[in-house]
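First chain A sits with chain B, and in the next complex the same chain sits with chain C.
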Partner chain A sequence: MTTTEIPPQPAQEHVAPQADHADMAQSWVQRIASLRAWLFLAALVIGFEAWARIAFNGTFILNPFNLQSIAIFAVAPLLLATGQTFVIISGGIDLSVGFIMGLAAVVAAHVINAAGALMPLPMAVLLGALVAVLVAGIPGLVNGLLISRLRVPPFIGTLGMFGVARGVAFLLAGGTVVPVSNNPFFSALGNGRIFNVPHIVIITAVFVLLMHYLLSQTRFGQHNYAIGANPQAARRAGINIKGHLTRLYVLSGLCAGLAGVLYSARFNAGAAQAGEPLLLDSVAAVVIGGASLFGGSGTILGTVAGAFVIAVIQYGLVFVNVEPFWQFISVGVVIIISVLIDQAQRRFSGGRVDE
Partner chain B sequence: MERRSIFKAIAAMALATTVAFAAGPSIAQDNEKFTIALIPGLTTDAFYITMRKGAQAAADALGVELVFQGGPEFNPTVQVPVLDAVIARQPDAILIAPTDTTQLIEPLRRAHDAGIPIITVDTFIGTGQYQTGSGDADFPLSYIASDNILGGRMAARALADAIGGEGKVYVSNVNPGISTTDQREEGFKLEMSENFPEIEVLETQFNENDANNAASQLQAVFARNGDLKGVFGANLFSALGAANGVQQAGQTGTIKVVAFDAPTSIIDNIDSGLVDVAIAQHPAEIGYFGVVSAYAHLTEQSIPTLIGTGFTVIDKSNVTDPEVAKYIYSD
Partner chain C sequence: MSEPLSREPLLEVRNLSKNFGAVQALSDFSMVVQPGEVVALAGDNGAGKTTLIKAISGVYRPSAGEIRLRGEPVHFSTPQEAREKGIETIYQDLALADNLSIGANIFLGREPMTRAFGFLPVLDRKKMADAARQTMALLDFHVSRMNAPVSNFSGGQRQAVAIGRAVYWNAQILIMDEPTAALGVPEQRKVISLIHQLKAQGRGVIFISHNLQDIFAVSDRIIVLRRGVQAGERKISETTHDEVVKLMVGG
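Moving on to the complex of A and B:
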């Protein structure tokens, strides 16, 4: 697994000899920083494995059931965090993802129920999923337009959409949970497996790899880093910032939409509050994954590791049977350490350290 | 978490403003008719929506105007501004499901001091024993609710029956500190320890009302305890999540799931076999008796300080029986 740091580091070929020591320390810190989420993950897995072996002579990571369970658990937070990664790299934040996910879950449930009477059941599932993801793009589009055209700060614009999406989702759901009845294909989508790998994990993996490609290998991704690192320079370089930001928030909405569809497939029901607890997890996953909230840095693969760090902590602490409130503390500590590493990296690399 | 509480405060403020504005015009219209306000624990829950239907039925029968206002989350920060806005509107009586046993005492005392009679439904303030003369939080007239400890005991009996009276089980719960779900867990554990010594109750898992989390917790508990026999989901999302965890673990039918509350999504899961038993409260009954009690007080009748409503145990064998199906929470 190779993580590619896209924004090129300042050229360092012509460093004076006396700077050697500092330079070595700097590259060491940066290497650690760019891999920190994977190091956290490795440390956690080793820690839980040791705990399981010593405490009750079991195994944590060599048990395929545990791997499966953790992967299923990570699906929804990871999908939200994928969209959030793009947004955070651009220097923004999307607070509306949780309720856009709930909105999509409710829309999917309604459309599949309604369409099930009119067409073959697998077609109804396809239609419902498509409509739900597209509907999720609408609040994303409004976010994007507010932020790019009307210059509303992302925190405020998406906070507004947080409320709007929440209200619309609850209204559509009639204030309750919308069950999907009599559609075994939808349930199979959410709970079936191929070669013992859950469908929703496969779908998420393929989608996240596509997003990794989009961010690391395409012009869209390059522009995203450029805008986050220095918007003025990006504008002078001729990047269409307005258009880019609009597409960016639509993309975040679509990611949340997919998360909503997979949620309702899994639980056979659409719930407006499906993504409510996941907003903070999505931001935490991105930050643990190495992105900076100041914009300009971060990777999808880092976010994958960040999402799994959270999932492994929460699952692992139940598995080894620790008092549940330690979960909050552990995730909190990991976030703080992660940000400290980020700050140290900036100090070493001479970047701006915000006081 | 700090950011989230800011959202809640903002949401609550926005909501309170809406309520206050909405309140304006309608006050003067009918002075003859009693106005009774029902403030649920949260507006977005089938339980309270069904309670509202029962309350509306009683209001229609008695010629009373019912006002239904509440916050989107079960949280005092969200509920208190709504309560204040309702008090400002001076209804003839307030029915409320307080979101905290302590934090709602002073806000409700303001209503009491303004001369508005208060009845708590579903949840309570203080100890839940009212009109005792103790003077602290005994000012509400009546507490109308299911006996959640009894409900927890019924869940324990249903689960014990389903697993043959022995094996490992655990409670999937929301968060500690909520009077109703705490009592369900308490009743469940009491019944198990008193009458089912062969059943081992493992540590409770708290899921923050997140089905995804509840599912993952079930899988983790099962991974650790391969002989897990059953789980009690103390509310809707705990039960939905636990049932999905059982399904993901390929243990449907082997690990029994008992759900507290009976919205349609749980009933669907009984049909498909993912949930074995649902303990249905009678929220419509709570709403109905709430309005009737308030009306009785307003027309100078005396009312009991405690009214306990019942439960219905729903499983695959009786789910289609109309006498049972009427207790399913409607959308």
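Moving on to the complex of A and C:
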């Protein structure tokens, strides 16, 4: 039947080695690009350390108090950025995370106050945290349904929810800050430490590790990458895209909810504007961490580095006594450099990715 | 019922029609594909090739007629159902997730899981890579870096990945829509050799192309469509480019 078995052979031997060469170079560029957030972080730490030693003969990074402060700085942006990483990899964006966080902070404060009268205080804290995180899932669910079922572009759908969550949070807070009264367990949760590591940092670390597992080791994570790269391919492969997108935005809401609870624990109060400045930080952390805003790439570990780059810049500039407004400039410059690296890498890895 | 004498065809399309409102896209079309046979579909744009393959692969429901797989009538309401019965379409635009490895693409949507530390469910990347290596070797295709994203590979290699996915899931009939259209000459040759491999494995291939050279290089038979009807069917060994072109334009 098959009379032409011979011609294939030379053709293959011709093609394979060429491609493998290109492979090697590309993989190096990709590897370096994927590490860029950690390189930024290392450079920043070394820079501030040198500055501290030269300018006031002290140390920046070897000081446990500084380390703690940086970690606490990083908690809320990192949690928002964790959900944002999933969303951005899928090719979307979630603009509502900041006010979902504020909503959760207010709900946590209210519920803990109300429940404190009815049950043991630790129980009230647990209940408040749970309710707040679940409530944060509601705007996430609406985002998900708008985007997956009604095909609203993520930018617009979550922008709408940004406004709704903001309004609801301020209404629930009565336009002011909601203090948590008479619950020492809550402020212990927010300000206590184990072996000098703040509780909220431990909780965040465990949660982020869990999310790293979800993204890198499960079908949910795998489908998230596939949808971001080629939604049509994902659909043809039988992946339920609508269901996935819905769960995805709920997940982002839950991440913001946890950030809100930890915020209100730290300040022993809920505030609607808790996450207001953090939306841009969350997107910046993801982008600095190596994700592409076109979707399809990014990692949680990269985002962790991205969040710490921002925290180190913010804290470090205060530490070396520079006017705080330089923060905005430095973070902005890092974001732009990051995106330039991303684009250079795309151009290098072949003409195929030509968005 | 009365023809057990002939070899049972892998796929048989009988008197298939499809209309979209008043537009008759395909009328009373019949064809068979035998195991190990490559059947080319040719025809001008709008001749009904795409309608035909979409009906076979479960995207469209035929308005009339039937499709039989190994003698058994089948009705597909989704492409998934067709795929489960072993009919796989390799689309022109490949339908690969560029950022994932070959193995991850083969298993996309049905990823194998294993347990880390005895309890934690994780993706079984080793199984995916092993399956990818074996499948690609079956297609006589060798890459050293199995965990590289498929965006690193050339057009022909990516085509091989798409075919490899179909082969791994045991597709018996592969429908290939212009598989060589976007490729350079050496890559086209590679795809042609892949089709020879599939044929040697006893699978049926329906091959759509505008390139008569490719059709003559790889097919056993050619069926020409014109305005939704069969304009002619020839064995490749008994026809010429000129005759096929005449059938296509209706000379």
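Before moving on, here are some points about what is shown:
The working rule: the second predicted complex is superposed on the first by the 322 of 355 C-alpha atoms of A that agree within 3 Å, B and C clash if a C-alpha of one lies under 4 Å from a C-alpha of the other, contacts with A are read in each partner's own complex, and residues count from 1 in each chain.
Quick note on the criterion: a contact is a pair of C-beta atoms (placed from the backbone, for glycine too) under 8 Å apart; a residue touches a chain by one contact, two chains touch by 3 or more.
Since the model is a prediction, treat every value here as computed from it, not as a measurement.
In the superposed model, A:Leu159 makes contact with chain B only, not with chain C. Once the two complexes are laid over each other on the shared chain, residue contacts for A:Ser181 go to chain B alone; chain C is not touched. Shared-chain residue A:Phe308: touches no atom of chain B or chain C.
In the superposition on chain A, A:Gly228 makes contact with chain C only, while chain B stays out of contact range.
Using the contact criterion defined above for the overlaid structures, shared-chain residue A:Phe319 touches chain B, although it does not reach chain C.
By the document's definition of touching, of the two partners only chain B reaches A:Ala272; chain C does not. Shared-chain residue A:Ser69: touches chain B; no touch with chain C.
Of the two partner chains placed by superposition, only chain B is touched by A:Leu280; chain C is not. Put simply, chain C touches chain A in their complex at residues 36, 79-80, 91, 93-100, 104, 108-111, 113, 116, 120-123, 140-145, 148, 151-154, 156-157, 186-187, 189-190, 192-193, 196-197, 199-200, 217. For chain A in complex with chain B, the touching residues are 56, 58, 63, 65-66, 68-70, 72-73, 76, 159, 162-163, 166, 170, 174-179, 181, 187, 191, 198, 263, 266-269, 271-274, 276-280, 311, 314-316, 318-321, 324.
In the complex of the two chains, the chain A residues touching chain C come out as 1-2, 4-5, 7-8, 11-12, 14-16, 18-20, 22-23, 26-27, 213, 217-219, 222-223, 225-226, 228-230, 232-234, 236-239, 296-297, 349-350, 352-353.
Interface residues of chain B, counted against chain A in their complex, comprise 1, 3-4, 7, 10-11, 14, 43-46, 49, 72, 203-206, 208-213, 215-217, 219-224, 236-237, 240-241, 244, 247-249, 263-265, 268-269, 272, 329, 331.
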